Structures are given as structure tokens and as C-alpha cells.
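Following this line, the structures themselves.
Below, chain A partners chain B and then partners chain C, in two separate complexes.
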Partner chain A sequence: MDRNLTHRNRKRALKALHFIALFLTMAIICIPGLWIVLNSFRPTVEIMAKPPVWTPSFTLDHYRAMFGGTGEGGVPVFSYFRNSLIVSVVSTLIAILIGMSGGYAFARYRFKGKAGYFVGLMLFRAVPGVALSLPLFIVFAKVGIIDTHFGLILVYVAMNVPFTIWLTDGFFRQIPKELHEAAEIDGCTRWQAFWRVEFPVARSGVASAAIFAFLTSWNEFALASQLTRSVGSKTMPVGLLDFTAEFTINWGGMCALAVLMIVPALVLTFIVQKHLIAGLTFGGVKG
Partner chain B sequence: MTRRRLPEWFVLLLPAFIVIAAVVLIPLIFSLYSSFTPYKLTRPSTLWKWVGTFNYEKILSDAKFWSAFGRTVLFLTIVLNLELLLGLGIALMMNKVTWGQRTLRTILMFPMMFSPILVGFQFKFIFNDNIGLVNNVLQSLGSDAALPWLVDGKLAMFSIIFAEIWMSTSVFAILILAGLFAMPRDPLEAAKVDGCTAWQTFRHITLPFLMPFIYIAMTIRSLDVARAYDIVQIMTGGGPARRTELLWTLMSRTGYVDARMGLANAMGYVSIILSILFTVYFFRKLSAARGQIGMAG
Partner chain C sequence: MTEVTLSNVVKYYGKHRAVHGINLAINDGEFVVLVGPSGCGKSTTLRMIAGLEDISDGEVTIAGRVVNDLPPRERNISMVFQNYALYPHMTVRENLGFSLVIAKADEAAIAKAVDEAAEILGLNELMDRKPAELSGGQRQRVAMGRAIVRHPDVFLFDEPLSNLDAKLRTQMRVEIKKLHQRVGNTIIYVTHDQVEAMTLADRIVLMQDGHIVQVGTPLELFNKPNNTFVATFIGSPPMNLVDGKVVGAETIELYGGLSVPVPAAARGLISDGQHVKFGFRADNLMPVGHSVQEEGEKADLELKVTLTEPLGTETVLFTEIAGNEVQAKMLNPRPVRPGEVLKFQLMLDKCHVFDAASAEAIRG
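Now for the complex of A and B:
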């Protein structure tokens, strides 16, 4: 009886501990992001207030300034948003096409030095952006594609191709070979067999690869900060720095831009989150 | 009709090769060359002067470089280990949750979508000594000291490590959680019947099964460890007084602020080799772990 009771108490304590630990973890994950969102709606006076004000008031000033074009500091957020969108979407599409064909080659064909090629490709992805930006800066300046959408798209395609190959390779490998063989017997060409049979099966893998490619381009800073100079090509991560002057930082404006940056990524990820996890694990473990 | 055709696999891979060669390989060869010259952006003619390994000798005998290098390695070691441990802990906790697991998992994915530069900015705001959330909370709780989070060397390093861990732990947590979901139930039940303690079950059954998932997470992480550059750049810029200088910030300062491209490229090569070592190490671990659980493909 007594032993039963202590046992039950211990179980209860463990359960409470589990709950508290989980709650703390989630709080630590959520609070920084929520703090940014909250502050994007607070007037600057209140953000800077000393002692701190804990009851927030509500204002849309920062958003108005941001979309008004020439608000505080006159940061052309719209152009940055458009640049980011163009560069990310186009580079993702191209990277997926190129990466998919590469992944298919690795999954379906046998050739000499396959493992070597594979690791070699991945190593290019491991080159730190800052280290790559130094020579790229010089080369692009010589070729004359610095500060253009084209240059940035080219860079992001190259950055995303290896990882896309890795993910799609794992997915194509899971599709039994018999599938396209059957399709070819039925009179499809290899090309048709791919698009009509294999591609639909591997779609979730391709979707997750696309999300990763998009997020990488959308969020990239190290290369973009050196390869873009003007309003015509700066992306949002680079634009974020516009809010920091020598000694002052426009916190509210920065928060508003941060919210604008995170919303598309959030929405997109929610839509395909199921594929996201599947993509990572299948591509890696079974590949 | 015996015209030789390129093999199909080669044609399929060709676009990837071309893009990577154009954007990564050729610039890297160029930077390798320029790391043997005293190239300065302000004086283009210096590109044609060959100085041999002068730049490398210079950085290898430079105390500032070595302290940045040592700090980078230390930083990566601390960060990767903590991320793994925390990720494992979070995954195990999440696995026990019986209600609302999907929602929690979605929340867990939040930090993965944040741009590193955004994470840096976010924590620069939160750790701000004057108006930051942390100090505001501390002061409202009655402490009268304003802790100089990003001004003091040690505290700044702590803040950066915190930001980095906040950003990347979820990669580990989510992949390990996926591993836990995929885990067969039978061995666990057998262990229970045989009277294993919870720790023994974890150590000898759960953990070996999770290893490949852990290595995938490590491999993915090692591909972009250099993202920490974004965080450091915006939070402290390598300061105060170089206390948070990592290899990457030192390199970008040498290259862009001092315009000494040759020297910066030499540093770049050191950092590239460092990244590649990390990646190759985890890739090999990954294939070994795959072999162990019979998933080798």
C-alpha cells in the first residue's frame, strides 16, 4: 500500500516534470519570434521606454512607414520584397529541374566513380558562403553581372543543386524500377515514363527539396550582401541592415521587415510540412 | 549509325556540373591562385605578382588568425554537441506526448524557417543591454544591474551560442523524432520483458537505431556551419575588441574592409578545408551507420 503510493507519487512528479520541461522548451522557441511580432506593432517611444512598459499599445506606424516607401529612413521594402521573390522563385525552379535530373542519374544509372561524384557534389555545398563570396565578387564584377538578379539566381542555383540531388536521389531510389520498365513496355519513351509514372510518385520528395531550396535562397545573407549593391537587386536579408545606422537602430521598422520576411516562409512551410520531414529522412536514411 | 553518344547519366548530370563549375569551381580556382598573390582590390595590378606561400605563412604566424581559428573550432564543438543533446532530449520528450503532438512539432519547426540574419537581429534586440527583453525582465524582477550582454566578451559569446543553438537545435529534434516514429516496437517490448531498465533500453536499443538519423542531422548541419557568420556579423560584428571574432568574420573584414583579397582568400581556404573536413567526417559516419542497420543502398 505504502509502496504503491510512493510509486504513484513518483510517476506524478515525473509527469509534471515532463510537462514543465516541454512547456519551457516551447516557450524558448516561441518567445523570441513573438517578441519581434509584438514589437512591430508598438510605437518606437514605447520600445525605447525606460523603465519598460509591459502593457503594449497598438500601432501600424512601422508597417505604414515600410510600405509607404519613404517612411523612417525610407527603406524601399517593396523593391527588396520583389527582388527576394524573383530571385528565390526562379532559382528554386531552375535548381529543382537541374537537381532532379542529377538525382535521377544517381538513382537509376550505374557508372564508374558514382560515390566519388556524389560526395564531390556535396562538398561544393559545404563551401562557406563568405569564402565563396570573395572570388565571386571579383569574377562577377569582371563579367559585369554583379548587382543583378541574374548573378544572384546563378549563385543560388549552384548552391541548391547538390542538396536537391541528395534529396531527390533518395526518393527516386525508392521507386521500384519495374514501374518505368512497365511503362516503357506499354509504349512510353523513357522521357514520358519519367514524367507520367516516376515523377508523380516522387512528388513529395521534389516538394520538400523545393522548400529547402526556396528557404535557402530566401534567407541567404553572406553572398547576397556582397553581390548586391543597389535597390534594384538587394534582397530582404540584406535590406534588414538598412535599418541600422551608425549608432541608432530603428527597432520597430526592423521588426516589421522581419515579420514580412518570415510570413511567406511560414505559410509555405505549413502547406508542405508533411513532405518536409519525409523528405529529409528518406533522402538521408534510405538513400 | 555507330555515332558515339554520350551516356545518358552524363547528359543528365551535365547541367549540374556546368552550373557548379561556373559558379563554384572556377571562382575557387581563381581564389586559390589569388591566395598566392598580394592582391588588393584597390590595386588591381597586384593580381599578377606571385608571392608563393607568403600569405599562408603570414596567417599561420598571426596570433589574431589563430585565436579566431581556435574560437571557431571551440564554438562549433560546443554548439554541435549541445544541439545534439538538446535535440535528443526534445525528441524524447515529444515522443512521450500523447496530445497535440502535431501542433508541437509544427512549433518545433519554427526556427528552421528563420533566416540566420533574422535570428541574429532578433537576439541582438532581445539581448540589448538597454531595451532588450532579457534585461527588462531582470530589472522588472528587481535586479538593478543592466547586464552588458553584447558588450562584454564572455556574455557576447554566450549570446551568440544561444542564438545559434536556438536556430539549429530543431533540425536535430525533428530528425531524431522522425527516427523515433520509425522505430520498430518489438525490440522495445522484448527488452521490457527481459527486465531491462529504462536506461539500458535507451542505451542499447533506442540509441543505436537513432544513430543514422543523428548523422543525417549532423551532415546537414555541417553543410552550413558557416551560417553562424550571419549571426555574428549582425550581433557583434566580431567585437567587442575581437572577443567574438570567428574565422568567417575575420575573413570578410580582411577581404572587404581592408581590401586585402589575397590574404582573405588564403583564410578562405583554411575555412573551406575546415568545413569540408566536418562534412566528410559526418558523411562517412552516416554511411557506416546506414550499413549497421542494414539500410545501405
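Now for the complex of A and C:
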């Protein structure tokens, strides 16, 4: 009896601890984001107030100003948004196509120096992007692709391909090779077997690779800030800098733009995560 | 007419030679079983016929056509894999119809063929499920259905039953045999289970280390094994082998003192002093009073039983001859205690003699 009781109590205590730990972790992750959102709706005085003002007041001033004309705190939001979108979407598509092909090749084919290539790709990922910014700047300037979408897309593709390869390789590896063999016997070419059987089965993996690539490009700042200059190519993270003047920082405006940047990323992740969770059961082969 | 022939077919994996020049001619409508221990090259051979592995050397023909360089889709074959390889993202119906969709058959024809296959295999209730929602036996059935939908020239099976439990395996074995009787296609079937081979095959191809050891009907392999490997692989329990030496022209002295006359089939083919293995099946060593009464030469032995395995209609008795463990069968069994000494009769006509050095059968 007694022992049962203590056992149950301990279980309860553990559960509570678990909950607290989870809460703390989530708080650490979420509060800065929440603070940004809150700040974007606050008058500047309140943002700067010390001690912080907890009771929320509500104003759309920052948004109004941001979308307003230049000179009155406005920034070319739509251009930045468009630039970000073009660069992220295009670089993600290309990175996924290349990365998926690579991942598939690593998973399915044997070739000379396979392990070497693989390690090489991963090592490439280990180089911090910023370290490359100066050489890239010089090369891009010489070639004449500085301050263009194309230049930035190129950089992001290079950044995202190794990770995509690594991730999709893992997914394709999990798919038994008998699946494409069965498809080939059923009349498919190798190409058809991939698109009609292996790709659909691995699509949750490809979707997660895509979201990672997209978010990397969408949020990247260090390289973009070096390689883009003008309204025609600056992405949203770089656009945030517009709110810093020599002696002042327009926190409210910055937060408002940051919110605009976070929302699409959140929405996209939310849409794709259903795919991720729906992840495929490999019931086609023996269970 | 869909004969399948293999001539001098060789498979190298890198430097490793997995299949050593196999020759085999399979007749139209024949049910051929490739059997052998793990790693002997059965799957490799089958996969070369399917076009899933390159053929390193030699020639494979299907229906008179050399198929060495044809991709699987142009060989008009179907294959059932050990792990079924059902498409996990498709329903049973889509799985069954996939090959016809790829072949761009019209919808009505696909529906008809799929329904027909579903009917044959009893899949009607399951058509809208995904493979993950099926039991092992049902998946097996779907895999077979997928194979028959396209009316191939040849069916290839690679250990299709080895993921099923024993009872289901027996049941599916019967269904495969029925299926063959019904559709009459050429079937090449790989298994490592000799019972499956015996029960299913028109002809068994027994392989070992990338070579074919013997080809023949189940009874040929059972009654006239070419060597000790065949003798111990086919049949359950495996053939008993006892070491011995020929003395004179008429007697084999089994090590340990027992002597038996040379079986008729081997007479005149052995020489004095030759080391041999003397082989006989449990069915041919039976206790007196618990045996089948058959004409023929017999030898009487007195042996001590060390272990019994009652199976109902018969009991397998373990005993020892000349230091070799030997199994005997007791019909209409009565309880036997370990240690009991019984009088046995050995049916000499059914015994085999193998050369000890080469392991080859000595037989006229």
C-alpha cells in the first residue's frame, strides 16, 4: 500500500518536473519572439521604458510608418519582401533538385571515392559562411554579380546543397531497394520508378529538407548584408538595418519588419509540418 | 512458349565470383525451384534472370530471346520479393493496377484485370487499404496479385514465404501451387527451405557455393542424391551418414565394428580398402515390429536409443552407429525410454554409398 503510494507520488513529481522543464525551455525559445511582436505594436516610449512596461498598449504607428514614404521612417518593404521571396524560393528549388539527386546517388549507387565526397561535402558545411564573405565579395564584384539576385541565389544554393544531400540520403537509404526494382519489373524506367515510387515515399524527407533550405535562405543575414546593396536586391534581414541611423535605432520599426519576416516563415513551417508528421509508414515491405 | 535458358551464366561482384557458370533449361509452364543454403547464389541467379543484376558472362534467354541487355521492363516477367516490396503510398487497388497504369492500359481493362486478380487471391475486402494496414499474409497475397495482373511470361519468386509464420506458410504454399495449376505459367522459385522445394517443384535445382549440384524431380533428388550434400540437404530428417571402409568386395565395415553388406547398386564399383560414407534414411532403419514390411535385403542391428522425438504417427529415435549420430523411425510407436536397446532392421536396398574423399555417390 505505502509503497504504491510513494511510487505514485514520485510519478506525479516527475511529471510536474517534466512539465516545468518543458515550460522553461519553451519560454526561453518563445519569449524573445513574443517580445518582438509586442514591441512592434507599442509606442517607442514604452519600448524604451525602464523598467519594462508589462501592460500592453496597442498602436499600429510603426507599421504605418514603415509602409509610409521614405524619409518618415518608411522602408521599401515590398521590394525587400519580393527580393527575399525570389532568392529563397529559387535557391531552395535549385538546392532541393541538386541535393535530392545527390542524396539519391549517395544512397543508391556505388562509385569511386564516395565516402570522400561525402565527408568533403560535410566539411564544406563546417566552414562558417561569414569567413567566405570577403572572398565572395571580391569574386562577385569582379564577375559583376554583386548586388544581384543571381549572386545571392548562387551562395544559398551552395550553402544548402550539402545539408540537403545529407538529409535526403538518409531518407532514401531507408527505402528498400526492392521498391524501385519492383517498379522496374512492373514496367517503369529507372526514371519513372524514381518519380512514381521512391520520390512519393521519400517526400516527407524532401519536404523537411526544403523547409530547412528555405528558412536558411530566408533568415540569412551575414552574407546577404555583404553581397547586396540596393533596394533591388536587399533581403528582409538586411532591410532591418535601414532602421539604424548613426545615433539612434528605430526599435519599433525594426520589430515591425521582423514580424513581417517571421510570419511567412511560421506559416510555411506550419503548412509543411503536417507533411512531416504525416511521414510515411514503410508498410510496403515486411513489418 | 516461354522457356528460360541459362548458359554458362557467371556473376562477379567485384572480384568475388558468386555464380560459377550455370547451365539450366527450364521448360514452358514448368515450376522450377532453386534451393540451397544461404549465400549459395540463388537470389543472384534469379535477379540475373529478372534483369536486376548484370550478367557478368554467359547468356540468359526468355521465350527464345536473349535478354542479357534488356532492362527488366522488357522481359515480361513478374517478381514477388521476400519483403513484398508493395508501394507504401498506394492502396491495394493501386498496387495491383500499377503495372497496367504504366503500360497505359485503358481504365476499364485495368479495373477488370485488377478485379480478376483480387478475386483469385481473395483480396476484395482489402482493396482500399494501404499496405501498412495489412497483415503479413495479406501483403503476401497482394504481392502475388500484383504479379499475376500483368500476365507475365515468367513468375519469379524470391523466398516469398519466409516472413510468414509456419502455419500461414503451409497455407500459402498450397495457394501458390494452385495458382500455378490455374495460370500454368513458368515459375522460378527461390527458397532455402527443402520442404518448400519438395512440395512445390516440378524440378528442383540444388545449388551450393554458386554451382548447381543436382537437377531433378523431387523424388530423383530424394532417392538418388549425387553426393552427400544433396543427401543431407533434401529430406527430413537428413540422411544418416556413417563412416566406413570397404573390406573385400562385399562388405563395408563401419568404424566401431559393425559390418554391413555392400548395397546392390554399388556392387562392383568399389574397391577393397576404399573409405566410404554409408548413407541411409531414417525411414529405412526401423525397429523390428514397428516397420513397414517390404521385400528386399535387410540387415539386423542392435542399437541403444539415446533420445526420442514422438510425432504422433511415428517417433524419431536417435541412436548411434560407429560414433555417428543416426536417426531411425518407429511406426505405430510405443513409448521408448532413453537407454533402451532395440532390434533394428536396415533396408539395404535403400542404402547409399558415397566416396569418403570426393563425397560423390557410388551407384551403378
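A few points about this structure:
Methods note: the second predicted complex is superposed on the first by the 238 of 287 C-alpha atoms of A that agree within 3 Å, B and C clash if a C-alpha of one lies under 4 Å from a C-alpha of the other, contacts with A are read in each partner's own complex, and residues count from 1 in each chain.
Quick note on the criterion: contacts are C-beta pairs under 8 Å (C-beta built on N, C-alpha and C of every residue); 3 or more make two chains touch, one makes a residue touch a chain.
The model shown is predicted, which means the values in this text are computed figures rather than measured ones.
When the two complexes are superposed, the chain touching more residues of chain A, out of chain B and chain C, is B. Touch criterion met: A:V197 reaches chain C, while chain B stays clear of it. Using the contact criterion defined above for the overlaid structures, shared-chain residue A:P176 touches chain C, although it does not reach chain B.
By the touch criterion stated above, A:I185 is placed in contact with chain C alone, chain B being left untouched. Looking at the shared chain after the overlay, A:P56 reaches neither chain B nor chain C. Applying the stated contact rule after C-alpha superposition, one finds that A:G68 touches neither chain B nor chain C. Of the two partner chains placed by superposition, only chain B is touched by A:R125; chain C is not.
Comparing which residues of chain A touch chain B with which touch chain C, the overlap comprises 280-281, 284-287. Across the complex, chain B is touched by residues 18, 21-22, 25-26, 28-33, 35-36, 39, 47-52, 54, 97-99, 101-102, 104-106, 108-109, 111, 117, 119, 121-136, 138-139, 154-155, 157-159, 161-163, 165, 173, 215, 218-222, 226, 237, 240-241, 251, 254-255, 258, 261-262, 265-266, 269-270, 273, 276-277, 280-281, 284-287 of chain A.
Of all residues in chain A, only 176, 178-179, 181-190, 192, 196-197, 200-201, 280-287 touch chain C in the complex they form. The part of chain C that touches chain A in the complex is made up of residues 50-52, 71-73, 77-79, 81-89, 98-99, 102-103, 130-134, 136, 139, 146, 150, 163. Per the touch definition, chain B reaches chain A in the complex via residues 7-10, 12-13, 15-16, 19-20, 22-28, 30-31, 34, 41, 90, 93-94, 96-97, 104, 106-118, 121-123, 125-126, 130-131, 133, 136, 139-140, 166, 170, 174-175, 178-179, 182, 212-213, 216, 219-220, 222-227, 229-230, 233-234, 248, 251-252, 255-256, 261, 264-265, 267-269, 271-272, 275-276, 278-280, 283, 286, 290, 295, 297.
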